[in-house]
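As C-alpha cells, here come the structures.
Two complexes are shown next, each including subunit A; its partner changes from subunit B in the first to subunit C in the second.
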Partner chain A sequence: MSQMATMAVSRRFGAEYAVREVAMAVEPGEVVGLLGANGAGKTTLIRLALGLLRPTAGTVTLFGSPPSRDTRRRLGYVPQSLGLYEDLTVAENLAFAARAFGHRVVAARLDPEIRASARVLVRDLSLGLRRRVAFAAALAHDPELLVLDEPTSGVEPLARARLWETVRAGAERGAGVLATTHHMSEASECDRLVVMVSGRVVASGSAAAIMGGMQTVVVTAVRWEDAFAALDDRGLPVALVGRRLRIPDRPAADVDAALRGAEVEARLEVVPATFEEAFVALARQKVA
Partner chain B sequence: MLAMALKELRQLARDRRTVAMMIVLPVVLLVVFGYAARFDIDKVPTIVAGPAADEAASNLPSRMDVIATHPEWGRDQAIDALRRAQATVVVIADPQHPAVLVDGANLFGAQSVLRALAANPSLPKAEVLFNPDLATSFVMVPALMGLVLVFIGTIVTSLGVVRERQSGTLEQLAVMPFRPRDVFLGKVLPYFGVAIVDLVIVVVAGLWIFGVPFSGAPWIFAIGALLFLFVALGMGVLISTVSQNQGQAIQLAMMTLLPQILLSGMIFPLDSMAIGVRWIGYLLPLTYFVQIARGVMIRAAPFDALLVPMGMLLLLGVIVFGLSVLRFQRDLAPSGTGSRHRRSEAEASA
Partner chain C sequence: MIASRGRLPEDRTTGWGLDRVTVRFGRLTALERVSLGVGAGAVTAVIGADAAGKTTLLRVLVGAVRPSEGRVRRPEKRQVGYMSAGSGTYGDLTVDENLAFAARAYGLSRGVARSRIGELLDRTDLMAARRRLAGLLSGGMRQKLALAVAIVHEPELVVLDEPTTGVDPVSRAELWRLIAELAAAGTAVLMATTYVDEAERAGSVLVLLRGRPLALGTPEEIRRAVPGELYELGGRIDDWRAWRRAGRWRVWSPDGRAPEGARLIEPDLEDGLVMAQLAYEASQPEVAA
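Entry: the complex of A and B
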C-alpha cells in the first residue's frame, strides 16, 4: 500500500488550474522529489496530499484512506515557513510537536547541535539550524510519511547536505518521503522524480530515465557573440555558460547548419545534458 | 515626493478596509454618535406607589414618565423595584410617609429627576439610594471593568490567533492530529485565565482606589463576568479568523470597541439615545455587562433581576462563539473548502 497516492487529482482556483489530473504515489522507504519551477503546482499538490485543500476533481489517499485525523498521526510535515514558534525555545518547540502526536522528546535521538541549542529561542538560530529543528520536530514521532516543502530553501550547501542525510535516514527507517524542490541539483538525492510544469506531471521516474539519454551540443567559438546571435535567430534554445554555448536536446547538425549559415567558425562537441537542461527541455515541450 | 505619494495612494486604494475606515467610518460615527452623545434624559421611568398612587401619578412633572402605579406597595417594595432597575424613581404617595426614592446608580436619570423635583416644591424631597452622593466613579468603575475585559478578551485574543496565521504555524497545526476544537480551546483558555486574573485585579483596584461599593453577591457578578468574557473572547477569535495580519485584527477590534464605549450606556445613558441608535447598543455585549456590574455592585440586584442581561450575554456568546468555531474549523479541518485566504496562499505558492 502506498503511503500517499493521488488519482487524477485536480485543483482549480477560479478558472485557473494549479494542479491538473495528477496521478502519483509515494511508497514506503522511497524518496520522491517533486520538481518544478515556482508556480508549477508543487505546493498545491502537497497541500492536497495533506488534506489542507479539497481537490476539485480526483482523489487523494494517505495510507489507503482519505486524509483524516488518524492519517495525520502518521505523517510529518515541514512547511516552507518551517512551522516553528520563533518566540519559543528549541526545546519548547520540540516538546510541543512531540506532545501534539502523543510522544515525548527523546534527547538522545537529537542532533548534538540541536541539543546544545535547546534553550535558545528559535528566532535566534541560523536558518540552517532552524530547518534542522523543524526536521527534528517532524521526525520525533517516527512518521510513516514525511512531507517536505522546499526543505533546503535558503540553506547553504553543507547544511543542505546534512538535511538530505536526515531525510535519507528517515527513508531508511521505512518512511516514504515527498519533497518539493526547485533545486535541480537535489534531484540526485531522490529515488524517483516527478516533474511538474504548469500544474501537470510532465515526467516521472529516476533522473536517468527522465533525461532519457538527452544530449547537449557545446559550441566553442572565438566570436561567441555572433554564434549566440546565429543560434538564437534560428530559434535554438541556446544558453551561455562561461564563454561556451550550450544547446540541449537539439541535433548537432541543426547547430552546425545555423553556424555555417551565419559564417561563424566554431568547434562543436556533444555531451550528456545536465538535469537542469533536461528539465528546461521538458518544460519547453509542455509549453509547445 | 510625488512618486512616494502616488505609491501610497495606490496602496491605500487597494486596502479596502482602510479606505472604508477613512471614508465611511467618520460619516457613520458622526451620525450615530451625534444621536448617542447626549446626557439629557427627557423621560425618566417612574413608578408611583402608595394609597394615593393614582391621584399622585397625574400630578408629577412631565419629565417623570409614569410606567406603573402600585397603590398596594410600601417603601420596601419601592426599594426592591429600584434595586431591580424596574424604574429610576419611585414616588410613594402615602399621606403618612410621602417619599420620592431615586436610583443613584442611574446617574443621569437621577440628576434629571432631581432637577425636575427642585422646580416642584410641592413634592417631597428626593432620597437618592445606592449612590447618595451621585459619585461618577461609582457608575464608571464597574463599566470600565467591562472595558478592560473587552480589551483583553477581544484585542489580545484576536492578535494571538492571527499571529499563528501570519507565522505559518496555523498550517502546521492543521496537519497535526488535533481536532479543531482542541486548537480552539487550547488557544482561548489561556486568554480566558489571564482575563479572569485581570478581572480580579481590576475589581480589587476599583474597590480600593475609588472606594466603589460592592453591595451585591460576588457570585452573580462572577457569572456575568464569565458570560461577558465568553462573548469578548469569541469576538477576538472571530476577528482573527477574518483577518490576515495583526494590523487588520487591531483595525477590526477597534471598530468593535468604539461603539461599545459610546453606545453601551457606559458614558451616555441608553435612555437619552435616539431609538435607532439605542438598538445598536442592545446588540453590544458591554451594554449588558454594564447593567450587570452596576446592578450587582451598586444596587445589590438579585440574580433574577439580571436574567435579561445574563441571557442576552449567553445568546450573544453562543452566536459569536459559534461563528468563530465555524470559521476556525474552515481554517483547520482537513479537506475543508478553501477559504479566501487559503486560496490566495495556494495561488501564491502554486
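Entry: the complex of A and C
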C-alpha cells in the first residue's frame, strides 16, 4: 500500500523557524508518535500535514496528492482543543460532523457511555468523556489517516489506556496514525517515534532503536540526601526516584568513585534506562 | 478512602497537611474528605486528571481557599512558597526583576536579596538569561524562574502546581533536580502532576479521582493496595477489567484467578492506578461495566 502522508518541510514565522527541514512519512496501519515539549514544533508540523498551514519550503503529500478538500475527507483530526461545540449536545455534535463528511451517525457503533449522554450538552460532560466524543466524531467516517494533537493530555491512566485502544483499533483497520504527545512514557504505545526539539527532528525510529540499549545506574543509600549531594556536586545527572537515585548513561564506575570520594555508603545496580532518560541524554549530547 | 482494603495510611499526618478536608463551591464538591501529610525533607505528589481537584487541594494548603470542612496544618505565611500552574512570573519583567520583586515582597534586605538571587540564578542555570524578559524565555526556563521566585524567601513548605507540564524533558530533569535539592535540604515539598512517572519519583503520593482520594501512600503501597492480581495476556479479551498497554493486554483479576494463557506480572504505579480506578468503578453500582 502507498504512504498515507509524506512530508519534507520547513515553516518559518517571521524570522523564527517553527519547523526546520523535517522529513517524515506515515504508513498504513502504523502509529507514529510525534514527541516533544510545548514549543518544539509539533502542532505546527501537524497543521502543515493537514494542509491548514502552507510550508515556507518543501512539500506535503496526502494519499499521493497535495492537501485539498478531497484529502480532508479521508482524514480524521482531533485538535488539542477537541473541536466540539460546547453549547450543542453530544448527538448534535456527532450529527454535525457526520453531515460535514456526508454520512449518517450509526448509534450502534458508539460506545454505551457516549450513547447514554446523547442529549447532554458537551460543556456539561467530564473532560474525559468530552475527549471520547471528539474521537467518535473524528473516527465516524473511517478515515485513512488519523491525526491527533495531544490526545491524552490531562486524563488519568485508565482513560488514557482506553483512548490508545481506540487509536490502535483504527490502525488495525489500516489507518495511518500521527499523534503528538509530551508524555515520554507514551512512546511505548507507538510503532515509530519522531522526536522534535526546537523545530528539528533529533531522533526517529522505534523506541528500542532510539534508546540503543542505554543503561541507568540505580543507587540505594541509607541517607539518599548524602548520596544525592555527592553525585550532584560531581556534576552527575542524578535524579531522585522515591528514596533511590538514578544516574542515566554514565558508567557505574564513575558513580561509584563519586560516592567513595564523599564516603557515602550505597548499593549500585545497573538497569535499562527509561525512554525519558534516553531522550534527555540524547538532547544533552546534541547541545554539547 | 475508597476502593482499597486493609491498612490505610490515613494516620500518616505528620508535618504539614490536610485533615479530612472537604471543599464545596456552590453545589460542586471540589474535594471530599481528603487527608494528606506533607513531611519535611521529602517530596509528596498529588496526581490526578485535569479537574480532579489538584489545584484546589494545593490552594487549600497554602491558605488561598478555605475548606468547607476539615483542618489544615500549614506554617506561617512567610514560610510558604507557592508556584501556581502556568507560571506566576511577569512576562514583561526581566528574570532579575521578577526575582527582585519577589524578594522585596517578602521583605528581604537588599544585601540578602542580592546574594540569594545570585545563588538561585546559579542553581537554575539562568545567570546568562538574567536580563532577558521572562515572557521571551522557553517554557522550561520560565518554569525554572517560577520555581526560583517561589523559593526566594527560603520557605519551609514549597507547593508547586504542575511545575513540569508541557516542559521539555531536559528542563524537566533540571526542575526535578532543583526539587530534589529542596527536599535534600529539609524542605517539605508538595507538587501536583498529571504524569505517573513523575509521581513515582515522590516519596508519597495522593491519587485524586473527581475530588476524592483514590489512594494514598508510597508508590509501592499504592500498587499493593488493590486486591487481586495483575495478568498479562497473549491477545485481546473482552473484559472491562482489561486494558492495553505498550502493545500488550493486561487484566486485573480481583479474586486473583488467572485467565487462560495469562502470565502473572508485578504491577507498576501506572498499573496500580488503573486497577484502583477499576476497583472504584466496580464499587459504584451505576457506572460499573
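Simple rule for what comes next: the second predicted complex is superposed on the first by the 279 of 288 C-alpha atoms of A that agree within 3 Å, B and C clash if a C-alpha of one lies under 4 Å from a C-alpha of the other, contacts with A are read in each partner's own complex, and residues count from 1 in each chain.
Definition applied: a residue touches a chain if its C-beta (ideal position, glycine included) is under 8 Å from a C-beta of that chain, and two chains touch if they have at least 3 such contacts.
Quantities reported herein were computed from a predicted structural model and do not represent experimental measurements.
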Open item on the list: Both complexes share subunit A, so when I overlay them there, do subunit B and subunit C fit or clash?
Closed with: fit
TODO: Considering only touches as defined above, state whether A:Met184 meets subunit B (first), subunit C (second), both or neither.
DONE: second
- [ ] For A:Gln3, decide between first (touching subunit B), second (touching subunit C), both and neither.
- [x] neither
TODO: Using the touch definition from the top, say if A:Phe13 reaches subunit B (first), subunit C (second), both or neither.
DONE: first
Task: Partner chain(s) touched by A:Gln80 [first = subunit B, second = subunit C, both, neither] - done: first
Task: Touched partner set for A:Gly39, first subunit B, second subunit C, both or neither - done: both
Open item on the list: Which partner chains sit in contact with A:Thr216 here, subunit B, subunit C, both or neither? Use first/second/both/neither.
Closed with: neither
Open item on the list: After the superposition on A, what does A:Ser68 contact: first (subunit B), second (subunit C), both or neither?
Closed with: first
TODO: Give one of first, second, both or neither to describe whether A:Ser117 is in contact with subunit B, with subunit C, with both, or with none.
DONE: neither
TODO: Quick one: minimum Cα-Cα distance, subunit B versus subunit C, in the superposed arrangement, integer Å.
DONE: 9
Task: Residues on subunit A lying within both footprints (that of subunit B and that of subunit C) - done: 39-40
Open item on the list: For a test of understanding, state which residues of subunit A touch subunit B in their complex under the given definition.
Closed with: 11, 13, 16, 18-19, 39-44, 47, 50-54, 66-70, 72-73, 75, 77, 79-86, 97, 100-102, 199
Task: For the subunit C and subunit A complex, residues of the former touching the latter - done: 41, 43, 48-52, 138-140, 166-173, 176-177, 179-181, 183-184, 194-197, 200-203, 209-210, 218-220, 243-247, 270, 273-274, 277-278
- [ ] Show which residues of subunit B lie in contact with subunit A when the two form their complex.
- [x] 167-169, 171-172, 174-179, 334-338, 342-343, 346-347, 349-350
Open item on the list: Residue numbers of subunit A touching subunit C in their complex, please.
Closed with: 36-40, 126-128, 153-159, 161-162, 164-165, 168, 182-185, 188-189, 197, 224-225, 228-229, 232, 237-243, 274, 276, 279-280, 283-284, 287
